[in-house]
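Shared chain: subunit A. Partners: subunit B in the first complex, subunit C in the second.
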Partner chain A sequence: MVIALIISMIILVLMGMVPRALPIIAAATGELVDQNAGTLNLGVEGMMLLGTVVGFFTDFYTKSLLLAFLVAGIAGLLLSLLHAVAAISLKADQVVSGTAIWFIGWGLSGVIYRALFGNYLIPPTLSALPHLQLPILTSIPIVGPIIFGEDPVAYFILIMVVIVHYFLFHTQTGLNLRTVGEDPRTAEEMGVNPKRYRYGATMFGGFMAGIGGAYLTIAVTGTFYYDLTAGLGFIAVALIYFGKWKPFRSLLGCLIFGAVYVIFLVIQTYFQSIPYQFFAMWPYLAIVAILAGVAAKSGGPAALAKPYEKGE
Partner chain B sequence: MAETARVLALVGFVFLAVFISSLLFSLFGISPLIGLASLFQLGFGSRGGLAATVGGMVPLLIMAIGLSVPFTARIWNIGGQGQFVIGSIMATWVGLELAKSAPAAIVIPAAMLASFFGGAVWLIPPILMRIYRGINEVITTLMMNFVAVFLLDWLITGPMEGRQAFALNEPSSAPIPSSLMLPTLVRGTNIGVGLVFALLIAFGMFFVLKYTRLGYELRLIGDSVEAAKYAGIPIERNLLLASLISGGIAGVAGMVQIYGATGILLPQVFSDITTSYGYLGIPVALIASLNPIAIILSAFFFSGILTGAYGMELAYDIPIDVVTAVYGMVMFLAPLGFYIKFTKRKLHF
Partner chain C sequence: MRHITKAFPGTIANDQIDLDLFPREIHVIMGENGAGKTTLMNVLYGMYRPDSGEIYVDGKQAKIRSPVDAQALGIGMVFQHFSLIEVFTVLENFAIGRRGGKVRLNLSELKSRIEDAERGYGISVDLNRKVQQLSIAEKQKAEILKVLFMGARVLILDEPTSMLTPQETSALFKNLRAFTDKDKSVVLITHKLYEILEIADRVTVLRKGRVVLKSTRKELTPSLLAEATMGRSMATDDFSRDIVANKGTLSIKNLSVKGDRGEEAISSATFDVQRGEILGIAGIAGNGQKELVEAIVGLRKNQSGEIILEGDRITGRTVRQRMRLGLRYMPEDRKRRGVAIDLSLTYNAVLRDHWLAPFDHNYMLNFPAMREFAKKIISDFGVVCSSESSRADSLSGGNLQKFIVGRELLRTAQYIIAENPTAGLDMASTQYVRRTLIDHRNAGIGIILLSGDLDELIAMSDRIIVLYRGRTSNSVPRKDFDKLKIGALMLGQESQIAQEP
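Then we have the complex of A and B:
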């Protein structure tokens, strides 16, 4: 009896953790490329928020999943472009610029939603994403639905992690990009244009953050509410530190985060006498604790958040 | 002369930022220029609007002063919101516990001390992590905001729950006795002693940052940590002290808001930017280039935008979130005003 309960809980957690983790995986994977090129964009949260609303309304009106994610990604990209201009070309303080990006995305998401949908008592919702139903594979007990039964966007995000890993560590362009993040002057002497790489990386980060945000509304909640991300963008950045700027380690961090998130949701239903707030606050405390355990400069790009000036 | 040009450029870019944000009004069928005009009209143009703006600038001003201290050393305390919440919890708790046994002249200073202490303590773990392990304080201070908000939520639905919580459909604490409320100075407005507190804090911190060794050393650290280290300045001690002052003042902002305005602990909805002074304070401090006297003006300006946006929501059903976009846009574009003078230098802010 107890064993059956435990097994069913484990299955519940395994099923629930992937969708919970995916928005963070998308955002972290994008921002990781950005940081490997030496730019710190703390506006991930804002770009995700913009993605939540843009993805939501595009899906709501066009019913096209592809278009929804594409437009959300482009919205995140455009917002990140602001950061790129400030941080890379104008050499502004990246913390300030990133915070500004966060505010802009936060404000825009609320305004756009109200402009399009007004004040609904019952917010409009989207129909659930189609899940893959591969014959045989999805019918494998437990493992089948988890690995083979996700929605198509989930696979896109996961494949992006692999692509980013391959790109960063197995291609010349990826090596160049990391050199830009470590030592932009050497990169320039090698004939690499640091600014161009940083622009590209920042825009990729914005695109992925937008996708992550859209995944949150379209696949996880099915509806939009204000400040939906509730810190997920910052958590994504924290998990990059945990992952030591490597895609697979960050992915692992995101999955663990998603798993523990779901575990607490499950435990919460068994201990209803404990106020829910103590369950709700744990993810944030956990991130602080995780960061406390990660040594600071462990493998971080040396030129992170330092603007590059030619011939300096 | 160059200084005048710089200020003019800054003001110009601030207005440009507000104008770009006002393009959002067209989403609601209002032309940006007319929307902008009514935003300023509602915020600054009438006696009522102006009074609301001056009254409403108190928490913004105190918060921005608190944030400016570590910002000077380029330590980014984004956790002002959490420190504000903890400060308001401590102040309310002291008020409710002590009111029966002690006069207001003792309770109010005690509440202020408690809120200072609470806010400062809330910032200690992230700042120690920053100083001794180099961990990005932006993320950790932000995470602590969420923890504080959930703590508050639990307190007002549990141990500190008010029995007859007004006609509000929301949970809240019991109100502090009205004898503890800070008196208003102008009849019929919310301009009160809180504003005096805020101004005192501003002038006090102006003195500290400008004329004391702490202020001098913080500026050196802000310019270059390496150079400061080379000059033998105790980095850790200065950063810790600056952060404790920062968290403490943010906590006091929470106390003044309870004792000067609300009188009651209300739930902090995280998505409600209009009461999230810890976030709103960031651009207020930055636009004033962290100068406490300039922050008084900047708090007045931003408070006016907030008042105007409230009015716009009532008049045209334009969501208050416009404010967040405006603040972000100002934060984003205002540095260009500084850039005009410092073209040879870093866009340092």
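Then we have the complex of A and C:
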């Protein structure tokens, strides 16, 4: 009886953690490229929030998934461009500029939603994403639905992790980009334009954060409410540190976070007399604990968050 | 280069400079700090654009707007801070910014081409190691090879020998000579006299942005060069040394200290320094100097062993308690450890002593006394600045160092730890700082001098010990100073010395 309960819980956690983790995986994978080029965008949270509302209304009105994710990604990209201009061209303090991006995205998401939908007592919802149905594979018990039963966007996000890894560590452009993140002056001497790389990387980070936000409304909740991300953007940044700026390691971190999140969601149902906020707090605390152990010793890109000034 | 002029706000760094480079020559550019050597080379390498003047390559006027343009013309530069990414392997460093290849990095093809180049130039570097694992001399070799591999015909080296041992320096010079035999030309920026006499085919001396001397090797003499660089003849390196009666001793006994990564950075170091002598500590950077100094000053805990200051165990004492006992410290990293860079000189003058009279007045800062003291440092030590209320970051490196030296020496001290006190200083300031330290030695102060410049240690020290991989050698007395033998100790080749008669 107890064993059966534990097994069913494990299955529940395994099935639930991937969708929970995916928005963070998308955002972290994008921001990881950004940071490898030496720019720190703490506004991931804001870009995700903008992605949630833009993804939501595009899907709501057009019923086109592709368009919804594309537009959400572009919205995140445009917001990140603001950060790029401030941080790269105007050499503003990146923590301050990133925080501003967070606030802008936060505010915009509320304003846009209110303007388009007003105040609903019962918020409008989206139809659920189609899930992959592969003959035989999906019907394998437990493992089947987890690995082969996700929606198409989930696979897109996961493939992006692989592509980013390949890009960073196995291509000429990736090597150039990491050089910019380590020492832009050396990069320039070797004929690599640091500005161009940093703009590109920041925009990619914005795009992926937008996708991550859209995934949260469209695939996870199916509806929009204010401050939907609840700090997931910051978790994404934290998990980049956990992952030591490597895509697969930060993917692992995201999955662990997703698992812890779902575990407490399940536990919460057993203790209904305790306020749910008590349980909701633990995944975040877990991140703090993990970071305290891991991040203290990890060295990131040497030129991270340092603006590059030419000799003149 | 013809009539090159480059001005920065407040100064003209290069004023109508002409410079010719011929194939197969080693051309030395010499001058004090701020004479404009580095600026001139940065103009040639495309880091700066000149305000006026032209550059001709093979008789044709060249437009050099960026390092990439310079490289395309065959001009390569080896900076003092190398253009290598520490966390990449040497091979990856060669691959940065390559064009025309496929999307995928093809490192093995690149590797075989680099190995061909290594054979051609007679230098070898371990391509698979990360740059951070290389010694300074190895990094330099990697950088030179990289620049040559990128097609340089003119190789510019900025102060290439400042961190090398004598053995490494002569190996470098041999390599440079080999390059000129292969139709390359080499430009060396330096301020070390003896190197110039050893290797230069021609010399150009700059002073205050102008060319003051052009000469070939045959015509050169040390005094001619010194006069040209400083505008007067150089003071001699022979300092008068009084014999000082021993008044006390600072002893280090079996000191072990851990480094930042938990490794044993100093193991059982044992030595002492008496008041009235200069103990030189030689060693290649990274052999435990930083940890040793921090442990003595009180910035780093030691694992075992004792530090005894005139019979008083200070091992567990705080920095301030040690200071009160007369231990003073001139840090190597002046901008981060020596001063609070955003504060005025008035504040910086009392960074160590603000809690003592006369600067402390009933728990309030006594500004008139502080200003008075700052002014005294400035006038006694010839610090060039607009006033005592200038911010520390408005001073040049040399002047900042003079200010720090003054601050440490004008208050009562019994022992001074000086870490590379003349690094980056021009000849006049170097001479001044050395002279001052010797004067304080003669006045009965014990000085521990750590320096990457072996010539400096030999000129100044009464005894020298060598730090190699965290271990201290026996001390070598002044009468036995030998550059090559100390150099061998710095490379850990103790056995070789033992074999010699």
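Note that the second predicted complex is superposed on the first by the 304 of 312 C-alpha atoms of A that agree within 3 Å, B and C clash if a C-alpha of one lies under 4 Å from a C-alpha of the other, contacts with A are read in each partner's own complex, and residues count from 1 in each chain.
We take it that contacts are C-beta pairs under 8 Å (C-beta built on N, C-alpha and C of every residue); 3 or more make two chains touch, one makes a residue touch a chain.
Since the model is a prediction, treat every value here as computed from it, not as a measurement.
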*If you stack the two complexes on chain A, which partner ends up touching A:Phe234: first (subunit B), second (subunit C), both, or neither?*
first
*Quick one: classify A:Ala214 as touching subunit B (first), subunit C (second), both or neither.*
neither
_Partner chain(s) touched by A:Ala154 [first = subunit B, second = subunit C, both, neither]_ = neither
_According to the stated criteria, A:Ala187 is in contact with first (subunit B), second (subunit C), both, or neither; which is it?_
second
*Please work out whether A:Ile24 is in contact with subunit B alone, subunit C alone, both, or neither, and reply first, second, both or neither.*
neither
*Of the partners subunit B and subunit C, which touch A:Ala201 in the superposed model: first, second, both, neither?*
neither
*Using the superposition described at the top, determine whether subunit B or subunit C touches more residues of subunit A.*
B
*First (subunit B), second (subunit C), both or neither: which does A:Cys254 touch?*
neither
*Which of the residues in subunit A end up touching subunit C in this complex?*
170-176, 178-179, 182-183, 185-192, 299, 302, 311-312
*Residues of subunit B touching subunit A in their complex?*
21, 24, 27-28, 74, 76, 78, 125-126, 129, 133-136, 138-140, 142-144, 146-147, 150-151, 153-154, 157-158, 270-271, 273, 279, 282-283, 286, 317-319, 321-329, 331-332, 335-336, 339, 346-349
*Can you list the subunit C residues touching subunit A in their complex?*
42, 47-49, 66-68, 71, 77, 83-88, 92, 95-99, 101-105
*subunit B touches which residues of subunit A in the complex?*
42, 46, 82, 86, 90-93, 95-112, 114-115, 119, 225-227, 230-231, 234-235, 237-238, 241, 275, 277-278, 280-281, 284-285, 287-288, 291-292, 294-297, 307
